[in-house]
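Labels run A, B, C, D and E following the written order; every chain starts at residue 1.
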Amino acid sequence: MLHQSLAFGQTATPEAVQFWVLAPVAVIAALGMLFMKKAVHSALLLAWVMVTLAIFYIAQDALFLGIVQIVVYTGAVMMLFLFILMLVGVDASEALVENIKGQRAASILAGLGLGGLLLSLVARASVNQPAAGLKLVNQTGNVQSLAAQLFTQYVWAFEVVSALLITAALGAMVLAHSTKPAARNKQRDLSIARFRGKSLADAAGLPGSGVFAKHNAVDVPALLPDGSPAPTSISATLKARGDVISPTPFALEHTEEVED
Amino acid sequence: MNILSFVTLFPLLGVVALAFMPKTNTHQIKIVALGISIITMLLSFVMALKYKSPASGFAYVTSHPWVSSFHINYALGIDGLALVLILLTTVLVPIVVLGGWNESEGGRWSVKTFYMLILVLETFMIGVFAATDVFLFYVIFEAMLVPVYFLIGGFGTGERAAAALKFLLYSLFGGLLMLAAVIGIYIISAEQAIGSFDVTALSHLTIDHATQNWLFLGFFIAFAIKAPLWPFHTWLPGAAKAATPGTSILLLGVLDKVGTYGMIRFCLTLFPDATKTFAPYIIVLSVISVIYGAFLAIGQKNLNSLIAFTSISHFGFITLGIFAYTSQGLTGATFYMVNHGFSTAALFLVGGWMISRRKSAAIEDFGGLQRITPVMAWLFFVSGLSALALPGLSSFVCEFLVLLGTFTRYPVAAIIGTLGIVLAALYILILVQRTLHGPLKSGNESMTDLNLREKIAIAPVIAALVILGFYPKPALHVINPSTTSVMAQMNVTDPHVLAGK
Amino acid sequence: MFTMPTLNYAQLAPILIVLGGALLGVLVEAFFGSKRRGPIQITLSLGTLVISFAWLLRIRNDISATAAMGSVATDGFGIFLQGTILVLAFLAVLLIADNDHFAPAVSALPGSEEEAAAISSGSRTTEVFPLTLFAVAGMMLFPIASDFITLFVALEVLSLPLYIMTGLSRRRRLMSQEAALKYFLLGAYSSAFFLFGIAFLYGYSGTLSLTDVGTANIFSAGSPVFLYIGMVFLTIGLLFKVGAVPFHSWTPDVYQGAPTPITGFMAACTKIAAFGALLRIFYGAFFLMQYSWKPFLTTIAIITMVLGSIAAMTQRDIKRTLAYSSITHAGFLLAGVVALNKAGLAASMFYLVAYGFATVGAFGIVTLVRDSSGEVTDLSKWAGLAKKSPLVSVAMALFLLSFGGVPMTSGFISKFSIFTAAYQSGNIAIVVVGVLSSAIALFFYLRVVLTLFFQEAPTDGVSVVIPSIMTRIAIGICAVMTLLLGVYPSLLLNLVDTMSTLVH
Amino acid sequence: MRTSSLLVYLIALPLFSSALLLLLGRIADKWGHILATLITASTFVIGVYEFMKMHSQPSGSRAVTQKLFDWISVGTLKVDAALLLDQLSICFVLLITGVGTLIHIYSIAYMSHDKDRRRFFAFLNLFIAAMLLLVLGDSYLNLYVGWEGVGLASYLLIGFWNHNPTYAVASKKAFVANRVGDLGLSLAIMICFAQFGTVSFAGVKAGAHGASSAALAGIGAMLLLAACGKSAQFPLQSWLGDAMAGPTPVSALIHAATMVTAGVYLISRSNFIFDASSTARLLVVIVGAITLLFGAIIGTAKDDIKKALAASTMSQIGYMILATGLGPVGYAFAILHLLTHGFFKAGMFLGAGSVMHGMDDEVNMRKYGGLAKLMPITAVTFGLGYLAILGVPPFAGFYSKDKIIETAFNAGGIKGILLGGAALLGAAITAFYMTRLMVMTFIGAKRWKAGSHPHESPLLMTLPMILLAVGSVASGFLLSYGSALVHWLQPVVNSQSMEEGKPLMPALTVSLLALGVVVLGAFFAITKYRSVSDLAPEDVSIFTKAARKDLYQDLLNDKVFVEPGTLLTAGLVKTDDRVIDGFVRFVGNFLAATSDVLRKVQNGFVRSYALLMLAGLVITVIAVWVIGA
Amino acid sequence: MDISNYLYLSVILFTIGATGVLVRRNAIVIFMCIELMLNAANLALVTFSRVAGNLEGQVASFFTMVVAACEVVVGLAIIVTIYRSRRSASVDDASLLKN
């Protein structure tokens, strides 16, 4: 091990140096998470905090945890976050304007309150008490000792955690997995849909390009140059059957002659 | 099963029978309901005839464990107090069924539902008076609200839903306060001995004064709401206005008596010291009730709410008698409960017939009925006389006893209370004058007089009022020992005669 | 040195059976065609629950604190709650099994063609069954966990499936997804607190065992400050789960958004599990420090009762109303926690059972009331339902009256025994407030009853679908139990009396 | 003490017949009036029989009792349903049954055209029963039953034609005013019970000496209040005038001869209370004096013949009340006047009824005139009654009224002079208004409406009038011959006990004085009303106006009771809705408002929920820290 | 150096995370803040483990990581689902359920 712990309260200097260098950076990074517009920046800062913590774990005789922190947490979990961020849109940035009245002020107040309170409480608590240190238990190696605990005393919890993993997998499947991509509609389907629509007005398709008319179905009157419908353009049979569609929606907008 | 249990549960037999009858056969349903209630009445008569006042405690005692972890028993037993009220119940139910033969029709639900509710209610009403286990009493006390809620809301008129809700909320609110007190006294009994809900056992507890006061209030407010005592009364007029006459009779005639009954059975005997502490304040409330109810009755424009307010006035007398805790006051109050049951029943019955014929409950719509429907008018008048406590009718005896009993302890209260008898004359005679006297008002021309069924329905009520007025001894004979025992439990005696020998 | 761990599988079997069932369910998903999955899953889930329950009956008297190396405590209390959870989960699965509560294709966009195709192909999201079983396993573990790691794991095992299932509603999918998001975010937030609390409790005692925390002398490095911080943070995680004010905000939204059978399942079983854990922790680990937490928990209980019932008064949606009702009930149950006596434990157990049945029943009925667009939870549309469907309305009224604590229903006995226990512990304030808030709560229960029975049906009214046999069984059992426990509560009271033992 | 099993029949017979007639309905229309009359006559026979038996006993043991059953027995309160017939009550029994029988007979004819005659007779019998119970009850509580019973009967009879709203209101007014009096009686009973532990006459009498003077004064005052209600004494007099709404026989029986004298009976019966309390006595004489003048003054301005007679009744009862307040001998004179008044006033009322009968129910005297020729029997019998009430010797009133005036003067000091003066003045005014009545009705010019055919009434009506006229002439002499009544009543009211002090003036002087003022009054009336217009003149003095308006008694009642009462009622109705129910609603609204606020907190934003949690956490940490520290 | 400095750091990070949940609107960022809180808790566990001289804290920390991983899977799946329906990952947009 790198150092010996002396008493609860005092550690060797190298650890102190390390702490005083990394801790402020971690705090700044964590705060940065709060103020970054882009989620992806926040994610990177969080990853940084996690790595810092991993170093602290190692410094505190938790070698295994330190490694796991980097591999699993920073490596896997944070990557998942980034992945999802990509999915959602990596550029998506959040306007940092608060729109719930009083939320921000109250949040900061509550945050400061909680922080202040906890800090002062912790300050009261740790006065001159010796820390036991992990030298003894880590004698056979941190990983071995950890494993021994994990597989004896906490084996039941360990077993149950498997349920959690399955749940997570199942959950992700249920929520995100879609059974089959829906078949794209073929032209045949499209035309059937056209004729089964509410109005037959769509059935005829659109007129060719370069024409003023917006429609060319037989049951829609043609438009005269001034934009008014030409009643004679409809077959009398259709009229008699009442199958005439009002041409108003297809009329040309009255455009002003623009003179340059 | 002893006869008391049998009487209590018998109406449920009717419920079962009705459940298997087809909905459409309304006439048969009514006959069955009537039959069951009459048999219940006869059974209760048998029980009453064999009743002997026990030296102490209750008669016809029966007890089975119910919820053993809380020492709750299905425990029944009656003393004179309970007996007269049970008899009142069993007599009124057939009268309600017969008198309100058609009021079950035209409700939201079927006729069958109506009578099933009525019979369930009857079991509850008998049970609540017979229960000697505080928990059992409480359960029935609350549970009986449910059928009434549906009776008002389902078969009433006008703002029935709101009235039903208000009634239920008030009662349940009171009930919850009582629940806290019930729990409290149970805990105390558990501390002093093995926990118990038995009313006799509980009366032997020694409870310190402050606790007594709180527990007393818990019980009392529940009962005051039910009774209803001023200022807890505002649920009543609405409920009476919306309910059918039959429901009103059961509500005011019997259900509300549970409040005053509870005051005697629980407040007085379980918390004698607290009773003495609070009695002066309650006397004040009672006097206010008497006067206030009477004034409000004078000011009512609706026949049903007028009767409701007269009842508030009368309940004021009852609580006055109870919290004077003299033998005359207590006996008078108990007897008052019975008589008020009959007199209210008479008023609501005839009033209900008038309303159903006129299709309106507004007093101003009536007028001159004396000329066109003499029998109905006369019965209404006689009912009114019983409400104003005319000597010769039973309500006089009890009202007088109450005032007399109160006077010996709280003379000022009695004097103010006496003003109530003048106001009673006013509200009844104004009502009589507006509805029965004067020229016939238009809209009343086609009214028909009572038919035979209606006459039969009301005859026992009037007979009871007259007979008990002339010869109240049987009732007083039954009530007196209970009164004596309540006073003994409270450790009080009547005030001394001031002068004389 | 490494020694073989000894696990008493007989005592762990109920949980293992459920987990096994869940795994089988996952395999079924993989190997059976979508048409056949449904019946198989239903049978499998119900069978698993029944077998687990049967096993539980077998081991009901095996009390031990070392079944899993000290990670779980199988005692009367734990077994009772496990059994309760199994029974209620069984009823809930019956409701879940009714066809059309879940989106057929969850990943498809609401209203998309893909969704329409899935609907028309009749496919079902049968994954809910294994998910439910996973949740049940977590719930069964939660109240018997006796170290903090197991507790935390159990919490997550029960929560994760619920987060997922909340988002699976077939109709109003946006709301359902929103509910899932809210539930998840707040749940994760609260479990962070929970974990932080565990850390500080560990800091205080140097151990993660519930029992040892309770009996820890002031550990050399520990300071009571750590205890307080740990206790508060841990408790808040649990209070979140039970929906106590001010950690309740998720409840109405999630209850409303989730598919109704899931809401029923969640409302009943989660509450039991979470209260189980709460009771075990406060009756065990924190018993000796009661003077530091009792006032604060009492206050929470009072606030929860009062605010829950007041907030419910003006709700217009039946599911939200029931959500607030569950908040109010959390308050009453907390009264049982702070009573801190055997009576309080027994009363809480009774209460949980009674509440569970009524809750599953009530939500079961909510699933039945529909119009052309599916379930209708807007109360105004429920007006006059009694005329069309008297039986369903009577059952609903029964559940509501039970919630309100009207005598002759199980809710009354629950309330009575809880208040008795609280009174016995000298906590009269909580009884008085409880009574008053019951009165307020009654108002809104009765308002619903009034709507059902006394209001005129609107023209665009709803109808009650003919319930499937499974739903009928579920609601029927709930109604019968609600009534039976009200009329003859000794059945259960005697049981909880004997079962209310905790091993440490 | 002797017992008699007959007493109960005095009450039971008419009660039974009344119930029978009411319950049988129209079936009894044909014979109901006959049955009722026979029943009443039979009670008179029983009364006479009892009187004979009583008379044959020595004066100390004449009272008889009959115990029927235990009525109310609670704690120390024991009230029997028991009857007591003594020298005092027998006077009343005979008066009630005697006059009652005559009036029944009269009514057969008078009501022959009314389709509800049966009901009328049922009510009359009810009245007889109640009145007999009133005078026969052996305790205050029994008395109270009869007391309210007669009130009820009076209510029913006044409102007999209640389809006329005015009559219905009149009956209600009478009952309510009576109830105010009843309040006094019930309070008196309560004080008695609290003081003596009993409410029987004997018991109270036995204890009266030991009671405090305040208690006695209280009982006395309350009894007086009761008497005021029933006997229409100041300040509860206002109902009597309106009570004339009832059929005339009713006015004669109830509102002249019997019921209204119940107050006198009550005070005489309670002589042991009043004897022991000078305060109570003082109150009694004040009330009596005021009322006798009050009634008399009202009487001078009434044009309605029945209302004039009613005012006269009020005044005459004022004399009786005055007498009862004058000490033991006064009771006897009060009863004497009561009896004589019963004859002559009933006679006059029947006469008035006879006149109305002949004049198509016209009651306005200004529409009469010169009827003496057409109705000779009525005029003569009425005239005899007139002479009696004026106190012209040897008619009955002379014996009774002069005795009262004389006793009043002898009350001593200023009090005596004031009371005597008032009584004397009353006599003068009585003479004035009675003469006015006689002149306007029977003498002078005809002022009838066209179409009237005044005629003499049938024999069934005139016969009772004749018999009563005989009584008006002879009763005074018979009863006071040799102080017969004074001796007779001695055991009950102790009427000879008081040592007669030196009288202020000799009896003869008083008589002459009284005669003098009577002549003066009569003369004045004759000159004034020799010619009368058939319309009441409007330009009259304010005194006349006031008298016509009953000295503003109704106005006063309206202003003091009715209007504030109405306002109070309206106010309370509002209070009930707005304050009491309003409070409950307020609580509800407050909770609902809170609920709305809570709904707003639940704003749908997950971040707000998280904030709430965090805030809750912070507060909890602080709280636990504070508690832990 | 004072070992409790680690605790201070843990507390500060936890607070920053707890506050971040309140002020950020992007569901993913909020979730990251929660991860930060979990990490802070882990740091406390590891530190306490050193103080207590046993490995239980580290075991707990290990479990936390596993649990967190599962939670992340489920959480992100939910976020993706809702993003697909709404085209927004802002939690403020998801406020249909209220009052």
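By our rule, a residue touches a chain if its C-beta (ideal position, glycine included) is under 8 Å from a C-beta of that chain, and two chains touch if they have at least 3 such contacts.
All figures in this text were calculated on a predicted structure; none of them were measured in a lab.
> Quickly list, by label, the chains bordering both subunit A and subunit B.
Looking at subunit B and subunit A together, the chains touching each of them are C, D.
> Tell me which of A-E and B-C has more C-beta pairs in contact.
A-E
> Central chain, going by Cα centroids?
Minimum centroid-to-centroid distance belongs to B.
> Quick one: report the Å distance separating subunit D from subunit E, using the average Cα coordinate of each chain.
Chain centres of subunit D and subunit E, defined by C-alpha means, are spaced 95 Å apart.
> Need the CA-centroid distance for the pair subunit A / subunit D, whole Å please.
About 98 Å, centre to centre.
> Distance from the CA centroid of subunit A to that of subunit C, rounded to the nearest Å?
The separation of the two C-alpha centroids amounts to 30 Å.
> In angstrom, rounded to a whole number, how far apart do the mean CA points of subunit C and subunit D lie?
Taking the mean C-alpha position of each chain, the two centres sit 78 Å apart.
> Quick check on subunit D: which residues sit in contact with 2+ other chains?
Answer for subunit D, listing residues that touch two or more other chains: 599, 602-608, 610-611, 614-615, 617, 621, 625.
> So which stretches of subunit B touch two or more other chains?
Residues of subunit B never touch two or more of the other chains.
> What parts of subunit C, by residue number, touch at least two of the other chains?
Each of 106-107, 149, 153, 156, 160, 163-164, 167, 181-182, 185, 189, 193, 206, 221, 225, 228-229, 252-253, 443 in subunit C touches at least two other chains.
> Determine which chains touch and list them pairwise.
All chain pairs meeting the touch criterion are A-C, A-D, A-E, B-C, B-D, C-D, C-E, D-E.
> Which part of subunit D faces subunit A closely enough to touch in the complex?
603, 605, 607-608, 611, 614-615, 617-618, 621-622, 625
> Spell out the part of subunit A that touches subunit C in their complex, as residue ranges.
8, 118, 121-122, 124-127, 129-132, 147-148, 151-157, 160-161, 163-164, 166-168, 170-171, 173-179, 182
> Mind pulling up the subunit A residues that touch subunit E in the complex?
5, 8-11, 13, 15-16, 19-20, 23, 26-27, 30-31, 33-34, 39, 42-43, 46, 49-50, 53, 56-57, 60-62, 64-65, 68-69, 72-73, 76-77, 80-81, 84-85, 87-88, 92, 94, 98-100, 103-104, 106-108, 110-111, 114-115, 118-119, 122-123, 125-126, 131-134, 136-138, 142, 145-146, 149-150, 153-154, 157, 161, 164-165, 167-169, 171-172, 175-176
> Using the touch definition up top, name the residues of subunit E that touch subunit C in the complex.
Checking each residue of subunit E against subunit C gives 7, 10, 14, 17-18, 21, 27, 30-31, 34, 37-38, 40-42, 44-45, 47-49, 51-54, 56-57, 59-60, 63-64, 67, 70-71, 74-75, 77-79, 81-82, 84-86, 91, 94-98.
> Residues of subunit B touching subunit C in their complex?
For this pair, the touching residues of subunit B are 65-70, 108-109, 138-143, 145-146, 150, 153-154, 160-161, 164-165, 168-169, 172-173, 176-177, 179-180, 183-184, 186-187, 190.
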